[in-house]
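Reading through the C-alpha cells given below for one structure.
Naming follows writing order (A, B, C, D and E), and every chain is counted from residue 1.
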Amino acid sequence: MASVQVSEAEKVYIMHGVRDDLRVDGRGCEDYRHMVIETDVVSNTDGSAKVSLGHSDILVGVKAEIGKPRALVPDEGYLEFFVDCSANATPEFEGRGGEELGIDLSNTLYKVFNNKHSIDLRSLCICPGEHCWVLYVDVLLLQCDGNLFDAISIAIKAALFNTRIPKVHISEDAEGGKEIELSDDPYDCVRLNVENVPCIVTLCKVGQRHVVDATLQEKACSVASLLLAVTHKGMVTCVRKMGGGSLDPESISEMTETGKRVGKALHAPLMDLLKKEEGLGKNRQKVGFLR
Amino acid sequence: MAGVELLSDQGYRLDGRKASELRKVQARMGVFAQADGSAYIEQGNTKALAVVYGPHEVRGSRSRTMHDRAVINCQYSMATFSTAERKRRPHGDRKSSEMSLHLKQTFEAAVLTQLYPRSQIDIYVKILQSDGGNYSACVNAATLALVDAGIPMRDYVCACTAGFVEDTPLADLCHAEESGGGTTLALALLPRSRHIALVQMDARLHQDHLDMLMEAAAEACRGLSKVLDGVVRQHLQEVSVLTRD
Amino acid sequence: MPTDTKRLRGPEESQSPMLFLPPDAQILKASSRDGSRGHADVRPIFARCGLVSQAKGSAYLEAGNTKIICSVYGPRETERKDETDMKSGRLLCDFRLAPFSCLKRGAWIQGNEERDLSVALIESLQPGVCLHRYPRSQIEINVVVLENDGSILAHAVTCASIALADAGIEMYDVVLGCTLRQDGDTCLVDPTFAEESGNWLGGYGENQGRVTVALLPNFNQVSGLHADGEMREDTLTEAVRTCMDGCHKLYPVVQHALLRAVKRKAPPSVK
Amino acid sequence: MMQSCFKNKIGDVVLPGDIFSFELPVTEDGSVKAEKIICGPGLRRNGDEVLVCKSGILRHKQPNLYWIDSQQKRYVPAKGESVIGIVTAKSGDIFKVDVGGSEQASLSYLAFEGATKRNRPNVQVGDLVYAQFIIANKDMEPELVCIDSNGKANGMGVFGADGFLFKVSLGLVRRLLAPQSEIVKDLEKLFPSEIVVGMNGCVWVKAKTVQQTLIVANLIESCENMTAQQRQALFKRVADGNL
Amino acid sequence: MKDTPLSNCERQFLLKAVEEKKRVDGRQTYDYRNIKITFGTEYGCCIVDLGKTRILAQVSCELVPPKDSRPTEGILFFNLELSPMASPAFELGRQSELLVKLNRQLERCLRNSKCIDTESLCVISGEKVWQIRVDVHVLNHDGNLMDAASIAAIAALSHFRRPEVAIQGRDITVFTPEERDPIPLSIYHMPICVSFAFFQQGTYLLVDPCEREERVMDGLLVIAMNKHREICSIQSSGGIMLLKEQVLRCSKIASVKVSEITELINKALDNDKRARKEGGKFGFAESMPKERITALKKDEAPVEMTDVQDTANEIISRTEAQPDIVKVPSPVVPAPGTGQVGEGLLNTWGLEEEEDEEEEQHEKEEMSTGEVMVLSDSEEDDVVILNPDANKPKRLEGGSKKGVEAPKKQKTSH
C-alpha cells in the first residue's frame, strides 16, 4: 500500500485521539469519510461506477463477454477481477510498481466473491458446458488515500448494480450448431441481483481501540488490521488479518462484531441511493470528474 | 469501411458534425488532491486523465539525470475497459510505449526544461474511454495538468487529428472515422508561434493534399487552444475567488 | 508467456479426466469422516529439521498426505537499497506448489494463488520473528509443497517457523497453523483436500466456509487469520476458537522436533 | 643463429601461436654464447621459446628489439604514452576521462599546470584533454596527468577549440608518429594545419577553414589502407585539384 | 557497454560544418550515401548497404489460422532487431526507445499503407491464411537505420516467393518449389522512408544523416512515400519545432528521392531475376567476389575537393518544373544481383543528359578480367579497391583515368 512517513510524535498524538474516540479529522471511531458514488461513468462498458471516499478515487468497469464455462462447474458463469494500480495514484506505481498491490487486491476480491450467494452465477449460464457470461470486473485505482478495500467493494457493488447484460436467445441452426444472437435493443437486458453482494469493512487496530475507514496516517501507526466482507444479512464472506502485528482473540471477536454491525448498516443507504439515482433516469446530469 | 458513408453529400459526418467542427470539449483542472498537477478532459466520448509530479529528484536509474536540464518521463496507459474490446494489459505493449515516447518528445519541445537541471518531471496519462483521437486528448490533458502544476512552458500545446475523405479534410476524428482506413494526421501545435511539436500521419495521401490537410489540422488546434484557454481562465478565476478573502 | 515446448501436449481440445468422474464421487459428504479421526482431531504430523545442507535452516513436515519442505536463507543484505524503513529487517517468502503436487498439473511459474499464499505466510510469521534485531537485512523463506492433501497454508506456517527456529533466527515464539472446514453446523479440523474442496462446490446450505488461523501458543495471540466462504458471525468466532485449540495440540510435536535438532547439533556434552 | 630464424621472418605476417624455438649456438670454445632478445608488444617469452600472441607484421630494430605491428583498434593503456581523452564526469576532485580503453582513466584536478587547491582548472564535461599516463597496469585503474616531471604542461592540458576529432587504427597512429613519417611530410605540403595524435587512436585536426579540415581528416583516414604510390597519386591530385 | 561519449569540440565542429553546407563525408545536403542492394540465394532474403549502415531483411511465410476479427485476410508481421553487433550502444533484450520507434515506424509504413494485398494471402477464409513474417536485423549502425530498414523490407518482400497452394475441400496441399515454382506476393506500391535531420532549431536540414550527424541533430522527420508521389506516413521525432512550410518542402524532396530509390530497387530485382533465369550465379557469395576478405569493404571516404557552392534550392526549384519522373541515369550495375548508385549521380539528375555510362558489367568475361566495380562518384576521386592478390597495375591507371575524368566532368556540370 502506498505508505506515508509518520513521525513518532504524530503516532502518539493519533493514538491518544483514537483512545478518546476523536480522530484527526474529527470523525468518531466508526464513521466513514465523505463518500461520492456515481454510476454509468464510462460508456464502453456494460456497467461502471466511480467512488471517491475522502481522497481515494476508484473507477470500476464491468464488461460482460461470452466465454466457455469452467470445466468443474459447467452450469455457471464466473467473475474475473483485475486491479490496475495506475501511476496516477503515486509515481511508485509506474511501470510494474503497482502490480504487486494489484494482485494482492484482486486475490482478496476473488476470496470475497468465492461463495454461492454473492452473485447468482447460475443466471449467467447461457447453455451449460458451452457458453456462459464472463463478467470482467476491472478496478482502476486513480488516487489512494487509505482504506482501498472498502472503496473498491462499494464501487464493485454499484457497478454490478448498474450492469446491463443483453438478453440472449439461442437458435438451433441446421446441423444442431447453436447460434447465439444478442438483442441489440439497449433496453432489452438482464439486470443482476446485487442484494447479496458483500461490502468490505477494514478495521484498523490503533492502540487499544479499532477504527473504521482509516486514512494513510492512521494506518501507518496501526500494528494490524482486520478485513471483513459483510453481506446485508450480516453473513461474513471473507476475513483476513493484515499487517505485521498479531491480535488477541478477544479483540478479534470485538472487531468482528463491530465490523458486522457497521457493514450491515452500510448496505441499506447504499442500495436506496443507487435506486434513487437509477430513478432519475435520463435527465440525470452526468458529473464524473467534471465537478 | 465501404459500407459506412463517412461524409454525407450534404457535408454532415456520422455524428452530425460539419467537416471542420470539433467535438464537444469539457475539461477541468485540479481533479486530484495528492498530485502536483492534474486535469481531466472529455473530447466527445474520448475521456483522458493526466497527472503531473515534479520537478523532483530523479528516482530509479541515476544514469538518466541530465546535468543541464530536467528529464521528462511519460507513461501512457489505457484503462482495460476503455475500448470496445477489453484490453488485457493497460500498458507495456509497443503501441503504448510508442505513445509515451511521442508524449515525451512533444513536451520536451514545449516545457522549459533547462530551468530545472538534474531533476525529473513525471507526466502520467490515463485513457478512461477511447473513441478516437487518443493522442490529442492526452496532449491536451497533459498541457492542462502542466499548467495546473505551475511548470513553465513556452506555449500551450494543443493537439488535434485530421482526416481526408472525398478530398475534404475532416477535423477531430472519432473512432469510426479513424479506423475507417482513411488518412489520419495527428498534429501537436504551439498555436501562438505556429510551431509544430509533433506531426504523425498514417495511410496513403497524395502529396498535393498534404498542405490542405495540415492547414485544417492547424485550424482545429487553434480552435482547441481557445477552449483550453477558457478552461484555464475559469479555473484560475474559481481558485482566486476561494483564496481572495 | 514462454510456451512449454518440451512436453508432448495432447490436442488442444483434450479434457482432463477429472471431468468424467461420476457426479457423486465429486461431492464427498464432508460430515462423515472416514475411520479413526474425529471431527476435532488433527492429523498426526511428522516434523524433522536440517534436511537441506545449503540452507541456514530447513524443515520437512508431513501431515497425513500433505508434505511440505521449507528452507530459510539469511539474514542477508537487501538488494533494493532504496528501502525506506531501514531500522527493521524484512521477511521475503517464495511459496511454490510443485507442479506434481495436485491432481491437475500446475505450472512452474508462480501463479496468483501462490503469490496470495506467500503474502499470507509472511503476515502470519512476521509477528513471531524479532525483525528489529536484523536492521537493513532480509530473511528469505522458500516453501515447496510436495504433495497437497488439504490445509497447506496452515502446515506451511508451522513448517516455516520450525525452519526459522532451526536457522537460529531470534523469535518471540513458534508460530503454529491450523485450518478448519465449516460445513453447515459440523466443522472439520485439519481437513484433507477432498473434504476441503469437495462439498464446497455443491453446497448451497448456510455456513459453508474455511478458516485458517496462525497462533503464537505462549502469548495466545493470533498472528494470521484467513477465512472465506459464507458464515454467520457467531459460527466464525466459534471456528476461530476451535482452530486455536487445534494449534495447541500441535505444539508438543513441534517442540520435540526442535529438541531433537538442537540435541543433534549441540556439541557432545562432556560426560 | 638464434636471431637468424627471427631475421628471415621480419616483414612477414605472423599469426598468434607461431613459436620461435632456439637451439643455443655452441661456439667453438664450447661456451654458450647467450644472445639477448627484447620482445616488444605482441611477443611473449615461454621458457626458451618466443611465442607470438598478436597477428601482424614482425618488425625489427637494431640491435635486438622485435615487435609485432598489429592493426588494432582497441587501445590498452601503457605507462608514459600520451593520449587524447574526453572528460566524461567530474566527481569530487578527479575527472573521469574516456580514453577508449577498457575502463575510464582518472585525472586529478591538481595534475594541471599551475593548479592549486583554490584555483582549479576550468575543465567542463565533454572537453578534450591531451595527457600522459603515469599509472597504467592491469591491476590498477589507469591515471593521467597533464604536467611533466618538472610541473610544466609542455603541450598537455585541455585543448580542441574548434578542430575535428576522429578515430583511426593504432597502426596508422604509429605511422603518423614515426620520426620522419612520409604521411606527415605530404600533409605539410598541402596547406598549413594543426594535427594532434593520441596513442589511443584519436586524431584531432584543425585547418584554416572547415573545408580544409575535412580534407585533411579524410586524407588521414584514407591513408589507412593505401600503399605509398597510391598515396602519392592521391595527394598530387588533391594538391592540383585544389589549386 | 556504453559507447564513447561525444566531445564538445566534435559537436561544435559538426554543427559549424552543417552551417557551411559541408558534410564530413563530402556529400551534398540532399545526397544519399552509396546504396547497394544484394539478394541471397533464397527468395526473400536481402542485404542493403546504405554507406556503412548494413541491414539484413528476411521474409518467411507460414500457414496459420487467421485473426477472428479479420477471417479473410492474411497476417503481416514485422520485427526489427537491434543486434549488439551493430553498435556498442545496443544491448540485447533491452526495449530501448529506438527499437520501439523503428518497429512502429516500419509497421506503420508497410502495414497501414496497405502496400501488400492481404486478401490474396487467404487460403481458406476463417481457417488457414498465410502469415508473412519480415525479420529485419541491423548488422552495422552508421546512421539512418530507418531508410535502410524500409528499403531492405520492401526489397525483400518484392523478392519473396511463397509456395503455391491447392485446396480440395478441406485439405490443403502445399507444393514444394520443385513441383510448382513459387508465386510472388502482390505488391501494390513500394513505400520508402526518407529521413531528414534538423539542426539549430530547424534552420538547417540534411538528408540521410550518418551516425555522427545523428548524434548532433536536434530532431528527425521521417516521410514514407511511394513513387506515385503518395505519402504513406509522416513521423517527426526529437524535440524540434517545425513549420508547416518545412514539412511541405521535405515532402517534395522526398518524392524525388523515393522515385530514384524505387528505380534502383527495381533495377536490382530485374538484375537478380536475369541472373537466375540465365542460370548464372546469384546470392551473397557472388555479389562480392572481388572484395577483400572483410565483407564490409573499407572504401576510402570520398574527399570533397572543389568548393562546391550550395545547389540545394536550385535543385528544388527544378523538381517543381518537371512533374513527371525525372530520367535517372542508369545506375552502374557492377555484379549480377546488385544495383549500385554512386553519390555523384544524385546531383547530376535533371541537369543535363549524362551520357549513358557503358555497362561495365558484361556478363561472363567481365568476371575474368577482374574489372573492379567502379564507384563512379562524381567529385571525389575514383575509389580503387586494393585487391590482395597481385593485380595488374594497368587496372590502376584505368581506374584512375576513369576517376580523373569523372571529377572534371563533374566540375563542368555545376
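Annotations
We adopt the following convention: a contact is a pair of C-beta atoms (placed from the backbone, for glycine too) under 8 Å apart; a residue touches a chain by one contact, two chains touch by 3 or more.
Predicted model, so just to flag it, every value in this text is computed and none were measured.
Path length between chain B and chain C in the touching-chain graph (shortest route): 2.
Legend note: the chain whose CA centroid lies nearest the centroid of all displayed protein CA atoms is B. The chain with its C-alpha centre at the largest distance from the centre of chain C is D. Mean C-alpha position of chain A lies 28 Å from that of chain C.
Separating the centre of chain C from that of chain D, both taken as means of CA atoms, is a distance of 67 Å.
In terms of their C-alpha centroids, the spacing between chain B and chain D amounts to 55 Å. Computed from the mean C-alpha positions, the centre of chain D lies at a distance of 37 Å from the centre of chain E.
Residues of chain D in contact with at least two other chains: none.
Arrangement of the chains shown, judged by which pairs touch: a linear chain-to-chain path with two open ends.
Across the assembly, chains come into contact as A-B, A-C, B-E, D-E. Chain B makes touch with chain A in their complex at residues 26, 28, 31-35, 38, 40, 42, 45, 47, 49, 51, 53, 59, 73, 75, 77, 79-84, 86, 90, 122, 124, 126, 128-131. Those residues of chain B that touch chain E in the shared complex are 94-95, 97-98, 101-102, 105, 108-109, 181, 185, 190, 193-207, 210-211, 214-215, 218. Within the complex, the chain D residues that touch chain E are 86, 88, 98, 100, 124, 126-128, 160-165, 204, 210-211, 213-215, 217-219, 221-222, 224-227, 230, 233-234, 237-238, 241-242. The touching residues of chain A, when paired with chain B in their complex, are 41-45, 48, 55, 57, 59, 61-63, 65, 82, 84, 86-91, 94-95, 136, 138, 140, 142-143, 145, 288-291.
Residue ranges of chain A in contact with chain C, taken from their complex: 3, 5, 71-73, 103-104, 106-107, 111-112, 114-117, 226, 231, 234-249, 252-253, 256-257, 260.
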